[in-house]
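In what follows, chain A forms one complex with chain B and a second complex with chain C.
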Partner chain A sequence: MTLISKLYDWVESRLGISEVIQKEMTGYLLPRTINKWYSLGSVLLFAFALQVISGILLLIYYVPDADKAFKSVSVIMNEIPFGWLIRLCHAVGSNLMVATLFLHMFSVLFMGSYKKPRELQWVSGFTLLNLVMGISLTGYLLPWSQLSFWATTVATNSVGAVPVIGEYLVEFVRGGKLVGPPTLGRFFAVHVAILPVVIAGLIGAHLFFLKRTGISAPPTRNNQAATTWQGGAYHYDKHEGGIPFFPNFFLHDMTSISIYFACLLGVVFFSPYLFFTPDSFVPANAFQTPAHIKPEWYFLANYQILKIFPSEIIGLTVQGAGMTFIALLPFVDRGDKRYPLQRPLFMVCAVGGIALFIALSIWGHLS
Partner chain B sequence: MGQEGRRLFLMTCIGGVAVVTAGAVAYPVISYLAPRKGKDNSASVSIPEKDLPPDGAKFFQYHGKAAVIVRKKDGSVTALSAVCTHLGCIVQWEAQKGQFICPCHGGQFSTDGKVLGGPPPKPLELLKVTVANGVITIG
Partner chain C sequence: MKPARISGSMRTLFILTFCLLLSVVPLAAQENTCVQCHGSLPGRYGEPVLLWKTSVHAGNGVYCHECHGGDPKDMTNAMNPSRGFKGVPKQTAIPETCGRCHVGVLKDFMGSAHGKKLGNGGPTCVTCHGNHAIKKASLDLINEKTCTKCHPYERARLMKQAMQATEGRITSLDNRIQTLKLQGKASEGMEQGLFNARNRFHTLFHDVMVEKVRSESTAIDKELETIGAQIDAIEQAEKKRKIAGSVAIAGALLAALFFRLLGKTYDN
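So, the complex of A and B:
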């Protein structure tokens, strides 16, 4: 008996690991019709882990002080060995993570996986999308460049449209009348301490909901793959005769993660400044607003909506109503059909909504 | 090749890829975390002689560590490492006693760095010093 098998037996006799492996890996059955879109959740877990690890590494050299932040980022990029790699993985990774979140959401939308009994997965997932956008927004300020400073000024300014307390809210978020050193302290704390913990907790809840309801089967024209759940008592969606998670679907997950990682490294090595503008390389100057300051691509639609409407409060209300509608979609769209081509109204709304989002983003970019 | 042979071959390939990947990840991370080298460790430090009080000592950074120059009773200048040889605390100058005391465990050193009392196992490291034209040069 080798040392490893002795060690395995020792742990096995105490924790029953093989039972856990059987239950969660080899005995965890998934629908035979499952497709690669289902691996986006694992890709996002990997992306989040990569953001956490690269973020912790950046914390070693980053100085959250308005006088030193830009310089510390320059040192990371130019002087610390492989600092550029860590920082670019973090910055590019945040953009790719948001893009993957959108893809994950669209796949869930078109396969109707948000429908009962998976309403909680949808709500927690949509909240996660917003939290990830929030963590990206707060991280945007930290390099303390002209872009960071003025994009944050514009973003925090829109909070002022809230009636009655708007002005106070802006000041509260900024820690002062204008964006300045107190804003950096606040955004730093939210970015590295509060939001990562909240996101990790919500990911845990999201996975818990998934495990409790069971994974949904992809719908087809002839087989709606509707749940057998009729409401009332708790029910777990089993997939008798399905494929085991390990090794079958695990390999799909690994393939998708490899593709994601290849895309990330592709941008980092071949187009490292894809998500940076020239203003990202100039230290923040509170007395000089650069021309054409724009938010990140995933906020361009929101930015353009605020510009279209004559009143900021109407723009915010429209966005709030849209977000609420998407968040509560499973409670609005309650039909049993899941195959997209058998849901014409849904298809028109979903495709139209995505097209509108893309059009507004392009308009925002070009305006 | 039998099924066992194929399995072994595949496992070896996967293991090899895993090792190469781990190396490719570990190398940049370890390089990133490795302590940064000083700008120029071979450089000497120059201090104007007027900055050294007649009965006092002056502490400064030398090759990334704390060092001290002190004027002895005969007027000559000594340069020493200020790092206590016991557990690495920084020694303090006691002008009245004319000796160095380590605040951590009471080690005592003379102006030549010799151990006068306490737990330090060996004297303070002596540094090369020259005085010329009103400038003290260490190193």
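So, the complex of A and C:
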């Protein structure tokens, strides 16, 4: 008996690892009809891990002080070995992560996977999307560039539209009347300490819900893949005769992750400034307003909605109503059918909603 | 009485409009009362602000009070002589006004044929550079239209020819540095080096001596070569990164292919 075998037996006799592997990996069955869209969850886990690792590495040299932040980012980009790579992976990665989250959400929407008994997955997933957008927004200020400064000024201004307490809210978010050093401190703390922990916790909850209900089978025209669950008592979708998670679907996940990573590297190496504007490389100056400050692409629709309506409060209310509707979708759309072509009203609303989002984003970009 | 009432209401309207303007103008303008007030005035009072906004001074954050004096932070006393307000400088005082910042240039100018004619029909700084729409020093300032206002163009043409190659190098390096700057590359050192070389080169404009231009240009060209080499190194590093990136992307795609094929064997 080799040393490794002895060590394995020692651990096995204490923790029963093989049972865990059998139960959670080789014995964890997924529907035989499962498709590539189901890999997006694993891709997002990988993307989040990459953000955490690159973020920790950036923390080594980043200085969260208004006088030093811009310079420290410049040092990371120009002087620290591979600092540019880490920073670009972090900045580009955040954008790709939001894009992948959208794709994940759309796939869940069109396959009707949000329907009972998976309401909690949807709500936790939608909350995660918003938290990721929040962590991206707070991270946007940290380089303390003209773009960071003024985009944050515009974003925090909109909070002022909240009736009665708007002014106090803006001051609370900024730590003063205007965006300044206290804002940087607050955003830094939220970006590196609060939101990552909350997001990690919610990812855990999201996965826990997934494990408890079992994964949904993709719907087809003839087979609705509807759950047999009728409510009342707990039920787990077992997918008897399905494929094991490991190695079968794990390899599908790895394929998708490798493609995602190739896309990330493609942008980092060949179009590294895709998500940067020239104002990203000019230090913040409170006395010089750049001509055209626009938020990140995923906030352009929200930005344009605020501009369309005559008052910001109406714009915020419309957005709030839209977000609430999406968050509560599983409780509104309670039909059993999951195949998209058998849900014409849903298809019109979903495709129209996505088209509206894209149109508003383009309008926001061009306006 | 009626005209007085109208005047009073007009004043109120003006104050209200002004307060509204104050609430929406950008922060920079709030800090500078010259730009704020004159910028909203029509005709000859507002025109200097419009011209200044197109100038190299505006681009570098040099505001009205740097030349005209006064207090740009106090609207009531902005144009009070006790706050250093000088108004429009007399023609003979223009080189001295500009020379407060452009010290070396003042010395060269005063020693030149141009400077020696100051007050006797000779040019001042604004003759070539303009006053509010102040142009960045470049060879374009030496042109037949401007020079022939005072003398034949022949000598100026020779000067321009002698400086053209170096000026072209400076412009090309400047463009390359600006490109790097917009990519977040560390360009401060090169920018400062080019700024110094360009300033030294441009002081030669004011000497109006062809031979001196030729000899000094050789030394300046060497400095430009050093800056060019630094830019080349950064651009080379960028190319190497792209090669490394291609390898990494190919690796990721190969891994994707490998996992896909392995996955298919298990599926079968």
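Annotations for the structure displayed:
Keep this in mind: the second predicted complex is superposed on the first by the 367 of 367 C-alpha atoms of A that agree within 3 Å, B and C clash if a C-alpha of one lies under 4 Å from a C-alpha of the other, contacts with A are read in each partner's own complex, and residues count from 1 in each chain.
Please note the rule applied: a residue touches a chain if its C-beta (ideal position, glycine included) is under 8 Å from a C-beta of that chain, and two chains touch if they have at least 3 such contacts.
On a predicted model such as this, the values are computed, not experimentally measured, just so you know.
Once chain A is used to superpose the two complexes, chain B occupies space next to chain C without a clash.
Once the two complexes are overlaid on the shared chain, A:Pro81 sits against chain B while remaining clear of chain C. Of the two partner chains placed by the overlay, neither chain B nor chain C lies in contact with A:Thr33.
In the superposed pair of complexes, A:Asn95 makes contact with neither chain B nor chain C.
Touch criterion not met for A:Ser42: it reaches neither chain B nor chain C. Between the C-alpha centres of chain B and chain C, as viewed from that of chain A, the superposed structures give an angle of 60°, to the nearest 10.
For the pair chain B and chain C, the model built by superposing on chain A gives 8 Å as the shortest CA-CA distance. Overlap of the chain B and chain C interfaces on chain A comprises residues 79. Across the interface of their complex, chain B is touched by residues 57, 60, 79-83, 85-86 of chain A. Remark: chain B residues 28-29, 31-34, 36 touch chain A in the complex.
Taken together, the chain A residues at the contact with chain C in this complex read 74, 77-79, 243, 247-248, 251-252, 254-256, 258-259, 261-262, 265-266, 268-270, 272-273, 276, 278, 280-281, 286-289. Chain C makes touch with chain A in their complex at residues 26-28, 31, 61, 181-186, 241-242, 244-246, 248-249, 252-253, 255-256, 259-260, 262-263, 266-267.
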